[in-house]
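Some notes on the structure that comes next.
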Amino acid sequence: MSEKPWGGRFSEETSKFLEEFSESVSFDKVLAPYEIKASIEYAKALKKAGVLSENECEIIINGLKDLEKEISEGKFVFKTEYEDVHMNIERALFEKIGDVAYKLHTGRSRNEQVVTDLRLYLIDKVSKLKKGLKNLLLATIEKAEEYFGIIMPGFTHLQHAQPVLFSHWLMAYFFMFKNHFHRLEDYEKRLKECPLGSSAFAGCGFPIDRHELAKALGFEKPIANSVFAVSTRDFLLELLFVLSLIMLDLSRWCEEVVVWSSQEFSFVELPDSLCTGSSIMPQKKNPDPAELIRGKSSVAVGNLNRLMLLVKALPLSYNRDLQEDKPPVFEALKDTINSVKMMVLLVQGIKLKTENIEKWISAGYLLATEVADYLVLKGIPFRKAHHITGEIVLYAEKNRKRLEELTIEEFKSFAKEIEEDIYEWLKPEHAISRRELFGGTGFNSVKKQINTAKEFINGLEL
Amino acid sequence: MSEKPWGGRFSEETSKFLEEFSESVSFDKVLAPYEIKASIEYAKALKKAGVLSENECEIIINGLKDLEKEISEGKFVFKTEYEDVHMNIERALFEKIGDVAYKLHTGRSRNEQVVTDLRLYLIDKVSKLKKGLKNLLLATIEKAEEYFGIIMPGFTHLQHAQPVLFSHWLMAYFFMFKNHFHRLEDYEKRLKECPLGSSAFAGCGFPIDRHELAKALGFEKPIANSVFAVSTRDFLLELLFVLSLIMLDLSRWCEEVVVWSSQEFSFVELPDSLCTGSSIMPQKKNPDPAELIRGKSSVAVGNLNRLMLLVKALPLSYNRDLQEDKPPVFEALKDTINSVKMMVLLVQGIKLKTENIEKWISAGYLLATEVADYLVLKGIPFRKAHHITGEIVLYAEKNRKRLEELTIEEFKSFAKEIEEDIYEWLKPEHAISRRELFGGTGFNSVKKQINTAKEFINGLEL
Amino acid sequence: MSEKPWGGRFSEETSKFLEEFSESVSFDKVLAPYEIKASIEYAKALKKAGVLSENECEIIINGLKDLEKEISEGKFVFKTEYEDVHMNIERALFEKIGDVAYKLHTGRSRNEQVVTDLRLYLIDKVSKLKKGLKNLLLATIEKAEEYFGIIMPGFTHLQHAQPVLFSHWLMAYFFMFKNHFHRLEDYEKRLKECPLGSSAFAGCGFPIDRHELAKALGFEKPIANSVFAVSTRDFLLELLFVLSLIMLDLSRWCEEVVVWSSQEFSFVELPDSLCTGSSIMPQKKNPDPAELIRGKSSVAVGNLNRLMLLVKALPLSYNRDLQEDKPPVFEALKDTINSVKMMVLLVQGIKLKTENIEKWISAGYLLATEVADYLVLKGIPFRKAHHITGEIVLYAEKNRKRLEELTIEEFKSFAKEIEEDIYEWLKPEHAISRRELFGGTGFNSVKKQINTAKEFINGLEL
Amino acid sequence: MSEKPWGGRFSEETSKFLEEFSESVSFDKVLAPYEIKASIEYAKALKKAGVLSENECEIIINGLKDLEKEISEGKFVFKTEYEDVHMNIERALFEKIGDVAYKLHTGRSRNEQVVTDLRLYLIDKVSKLKKGLKNLLLATIEKAEEYFGIIMPGFTHLQHAQPVLFSHWLMAYFFMFKNHFHRLEDYEKRLKECPLGSSAFAGCGFPIDRHELAKALGFEKPIANSVFAVSTRDFLLELLFVLSLIMLDLSRWCEEVVVWSSQEFSFVELPDSLCTGSSIMPQKKNPDPAELIRGKSSVAVGNLNRLMLLVKALPLSYNRDLQEDKPPVFEALKDTINSVKMMVLLVQGIKLKTENIEKWISAGYLLATEVADYLVLKGIPFRKAHHITGEIVLYAEKNRKRLEELTIEEFKSFAKEIEEDIYEWLKPEHAISRRELFGGTGFNSVKKQINTAKEFINGLEL
């Protein structure tokens, strides 16, 4: 019983099964470096508050640094019977420096330690994720430049709709993920607030300087209310949400990669190095990374859901339920960082089969909207122009002709306003060049998007 | 067939059942005022682009304003056979002003209209929600001031932990919801970007000025890529997420209201006007509003989940699946705005039963941490001090004594360092006053929190 | 105050806003016919228990029947101030028959009424859903028969894999939905247990015969514990789960419809009556019903999620949170029943473009597995045979030849075991006919599947 | 390249990062024993189909048995570069027995192997879970017997409602979990269908006997359609759903344990061995297991959600996304099995503090419903009786009297029908004994529930 740091009040030993059931060190040990870091600064704060002597503080810090070395070298042995990362390190410090180790816990609670460690850990990981997003944004721009000028059929309802520059379509993803980048920046403002000094929830009983402590640990400021500091998990939920958005938008992108890789579409080809084969069908070359990323979108979303269920109706302040907050966050972070990295390779490796794409430009009735717009300029109200064009398409389809194969007489039989210049309008380049407005698919417009995007990337300090 | 605005190309009538199955006007009609507003500005933009004459533009705008009036007076009849709000209004405009009405749709697509309308609608609703949050923040501060000085048992694991000012506990909610307020502000930056001019996804075929259009509608800028503009629903997901956070934190607060209202706790009393009774048990007075809010947290969370499932793996650009995006957003918004309002009434109406709360302060062993801290100051390392105190508590419990009822000899039998001043430490006020550090439960510290909070509220322009 | 059925103990009026916030009659009024039905049987049970006289019972039943008529004729006016369906009907009965109406509530609580009504409502709806599923199963069989013999490229990873009978692929959906049918049957066992007689949760204070009551209402038996009866919502969760499975499997089917309808695939064509067009692009013919069903999968899944969050950590017995259980169930039920019906139309209306499908059979390397199997029969271990075939495919692809276009010498350069009969193996019919084992794509095997399926349908009593 | 089993067709090596990103052996290795088991039976089936000679079959089986031994002894080394459990074992078999190993894969695909292994694995785990549930049901009955006769205040809205036998309240959980037991039985019917012989999806190209194979592996029958067999993951979703129900109902039970353990309630006490303490507050004794179980409900629910998102809109047949199906299932299964086990310990260890519970019976107005029922028997319609009783309670509360402390004159001032026998009705035992109907809280009724429950348990063959 005396083994447990809280054993004094207990007259029976903890059930062995409960010990296993409740341990967290198997997953929270990744927080060890942050536990050390926060403990070193906490020791300094206690010294300044007069709780530790100069000498005691030095012994503690040296002990912690030794542990840090053992951990980074993989020599530290975490033990389940010490429950969690905090108690493992407290115990190891005691074994290394004796009784003085026990002074480090003065006025400090695991309730605040765990959220301090977690926030420090996340500050690092979010920074890594932002670098990954930057790489993805960059790869997107480069691919948009590589294939600048290629016209593809744009889709709505997965049906051919209007011609569009491939680069324009691709840049949609740039702006999607740029927004996610900004969401992470907004999130960081709230992440970088320090709970340390909140103790169990009432605030530390010794006069430590929380502003200095926060600063020393790289936070922007201390959290303004100690009950709030140990109770909230909104800083985990917000991260999981941004991860979910990132993964969901990757799932959309990957869906396009999968569909475009099909034999029927054959819009794109992936390098062999990014495909895998079948154990039974020798001819198979599958777009596995795209499928896996698409599948992994379930992780972030499901884990966000987990954490929302977890906090629902929990009274303040700390409840042991909250121990379940870490695995879903760790897992989703790892999967998202890796998925973004995988996507960079996919974007870089993908090749357009431009001859196939171009074939489709003239195959359907992609330019029907142009005909309607043409009629508008001839004075026909749009809805009527739309209706007339619909009839033209129906006629052309029945006669197995493409629009540009219709004679001028045939056109005129639907609307006498149509003249020879209609054939100019039936070139896809004409449709593109009519859309030079801001954000449109016009050649110059897309060029500008790309340039603005580059400036954004160049302006990033990461 | 000619009835459908897109009927020209079709040679069979739409299935009656499909018509019912696919209609959206039963729920998207709430967007009608925004559809009108956006249409008026779009007409002006078309005029500037040379597509409409001055006269045509005037006729259209007057027609739209007439419709606006009919809608606001509840006279407008929405019809299912016209599918959605856009087609209902287009049709009504035609019936009012004839063929010129059909010119309004030039270069415009429902794909962009629906997201423009939605964004305008949300800008209004988010503003309303922020006002609600402001009221809640205010009610929280006022209640914290009303009961300033009351000491209550703070909880961890729903067990008595340490004494804390009731106002301090309450202010935890202030800081929670203040963060949600900031999350809404961050969200608004992304919400206030205008999709109009994106057309179906390729950009408008006529040279309208998207910057001017965005400005005229109250947006901050146009969206920089037309495919992105019509494809993304991240602006709905982000809102649903913040609503989920708000509702989840309300569910925690309401859980406390419910528990504290129980006969056993009797910490608080709700006014009769905020309770309901039982149809069978005549004595019942139930905290229904708190339970309902707690229950309604499921709406925002579940609907966020709905929308995440909806967009998963959807290729760009528009797909009809997206029609399902509106009901979950409308419902969650309404429930959240109402729940916040209900919570304001609850916070205002709640009364502390201070005599019961005070009774509990001395009943348990809330001040055990103080004893440990006392021993620390006598030079005993914290972990040892903790252990000794645990044994004292165990002893006191067995002898059915409160800590302050132990004699000095009894104390000394556990640690000879304990002296008469220990009894001073066993007063709850002493524990409070030892925690004046930033964010702690000390009297002055909490006073400062309240003052900072007031300044924040006063600085808001809403 | 006296207006509220529970007003006796209250000295303040209910807040107007709480009244609006907490009303449920706007959605639970659909339960009215079941409320009447259960009330009639309850009156009889009270009479048998000696609480009501013969005469009182008759007056009550006649009153209830009058109300039933008003409701079915749409004449009954539900009022928000009476909170819910139960109080609306209690009140209306009082207005109709006076004080004796108040005797009906003897020993009865809304806690049991609402779950009794809900279960009766669901028994009806589940029966309707099962009929819908039967229609879908039937439509599937008929389509499988219509196109029996058509060989299509089977997919894994959306890549061409092996040839397969279209009917075999389609019958996969038959077995999926047959399982859902069985899940509903399993669910009905638990649904058909009657809560009535449980009162608020402790059981009725008057000796009514619950077995007889259950039977009279069409239940199989009474629920064996009154606390359980009013507390559990597992009977809603289980339904929402089966609805989710149905919708998710529909989403998979619809994804195939959408992909196969694309210009690139052109495997299928939908009739005009099941498509809609675009407001801007005159040529568009979109597979909207398939997209809408796919999108509506989010409703059942999200609403299941809602209800799971709702019940999490709710103590027994009734809590007001539970009022939020109905809207998600009603909505998901309606959407699922309609989606199944829509899918029946889709399956019936879809046409295979067999010439396109056949074209693809010979275009890729669908029969590579056959070559490997051929080599196996020549004594080469499968993994080696697989590797050799992989090299043959690579060679053929580089030389832009189909497998059957390779000369026997070319084949032999990879494996001398290959002989002239390899060309027989390179016919898709040969591949099909090699798979006559149970559940395989062989012609007879699929025929058997269809026959078994028909027998199942014919054996259903619905 | 030649290292990959599917490398023949590839001319570039797999990206190192893709190899890491896509490996599954780190988690699917738990399937190894089932992979061996299925492989042994598959070898026999191939022999019967004439593909393997007697001798080859024997060599393969012996090799597999050697591997099985290595795995069970923990000597087998799984390697990431071989992707998954299937390829690891295929490779190891080759290293052990040479080329003949490669014959085992004849006509077999990982698509079918993985679902066969998974189903076999789940058959074992579900059996284990059912044993756990049986233990929980048993512990519940025993506790209900231990405290038979104790009357507690029953709750609605966490407010005192009516007196109820503690055993009756507890037996609600018995019936909840009994239903979950039946849900698992229903699920097992669908789980025990064998996919083996489906090959990649078209069915095996060699005439193996699937019925015999299914039987040999312990399945009830083979799956009737090979495309369905490899595509569906409904057998995972259904399990996750039942796990979610189990965990959600445990969360409700644990919520009661937590609330009842609070100082304010003090209804129950947990043994020290099932509590843990605080690192800072020496007096704390927290109900951690109950909180952890409540928290772990998030795992099953969130993971169900994950899998639903995963399969949404996936076309048939196999897609690599499906690899993500295993971690959420494994995790939820482990947590649920452990949580049920932990709950058994909790139920067994919990002690009622009967003196506290009894104190509350007389403290509030628990018997108000009895007064109303009393008035009913005196001829007053229930709704009026309810109203009168409400006024009595209001009067008593104002005068700080308990109901039984009111004089007969005071009673009569509200209803002249009240006579001396009202005091008999104001005894809690009287209220209990009025509820002997089926499923009610009467002494005999609860006794009968317990007896029926015992019979159920005794009838189980597990």
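We just call them A, B, C and D in the order they show up, numbering each chain from 1.
Quick note on the criterion: a contact is a pair of C-beta atoms (placed from the backbone, for glycine too) under 8 Å apart; a residue touches a chain by one contact, two chains touch by 3 or more.
This structure is a prediction, so every number in the text was calculated from the model and none was measured.
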Mutual neighbours - chains that touch chain A and chain B alike: C, D
Equivalent interface to B-C, taken from A-B, A-D or A-C so that over half of the residue contact pairs match: A-D
Interchain centroid distance [CA atoms averaged], chain B/chain D, Å: 33
Rounded Å distance, chain C centre to chain D centre (Cα mean): 23
Two or more partner chains touched - positions in chain D: 5-11, 105, 107, 111, 156-158, 161-162, 199-200, 259, 277-286, 288, 291, 294, 297, 301, 305, 308-309, 312-313, 319-320, 369, 386-387, 389-390, 393
List of chain B residues in touch with chain A within their complex: 2, 5-11, 51, 90, 94, 99-107, 111, 154-158, 161-164, 168-169, 171-176, 179, 182-183, 186, 189-190, 197-198, 200-211, 222-229, 231-232, 234, 237-238, 241, 244-245, 248-249, 251-252, 254-256, 259, 294, 297, 301, 305, 308-309, 311-320, 369-370, 373, 376, 381-384, 386-391, 393-394, 431, 434-442, 445, 449, 452
In the complex with chain D, residue positions of chain A that touch it: 4-15, 17-18, 21-22, 83, 86-87, 105, 107-111, 199-200, 271-286, 288-289, 291-292, 294-299, 301-303, 305-307, 309-310, 319-324, 328, 338, 341-342, 345
Touch list for chain B against partner chain D, complex: 153, 156-162, 258-259, 261-266, 277-288, 291, 305, 308-309, 312-313, 360, 363-366, 368-369, 371-372, 386-387, 389-390, 392-393
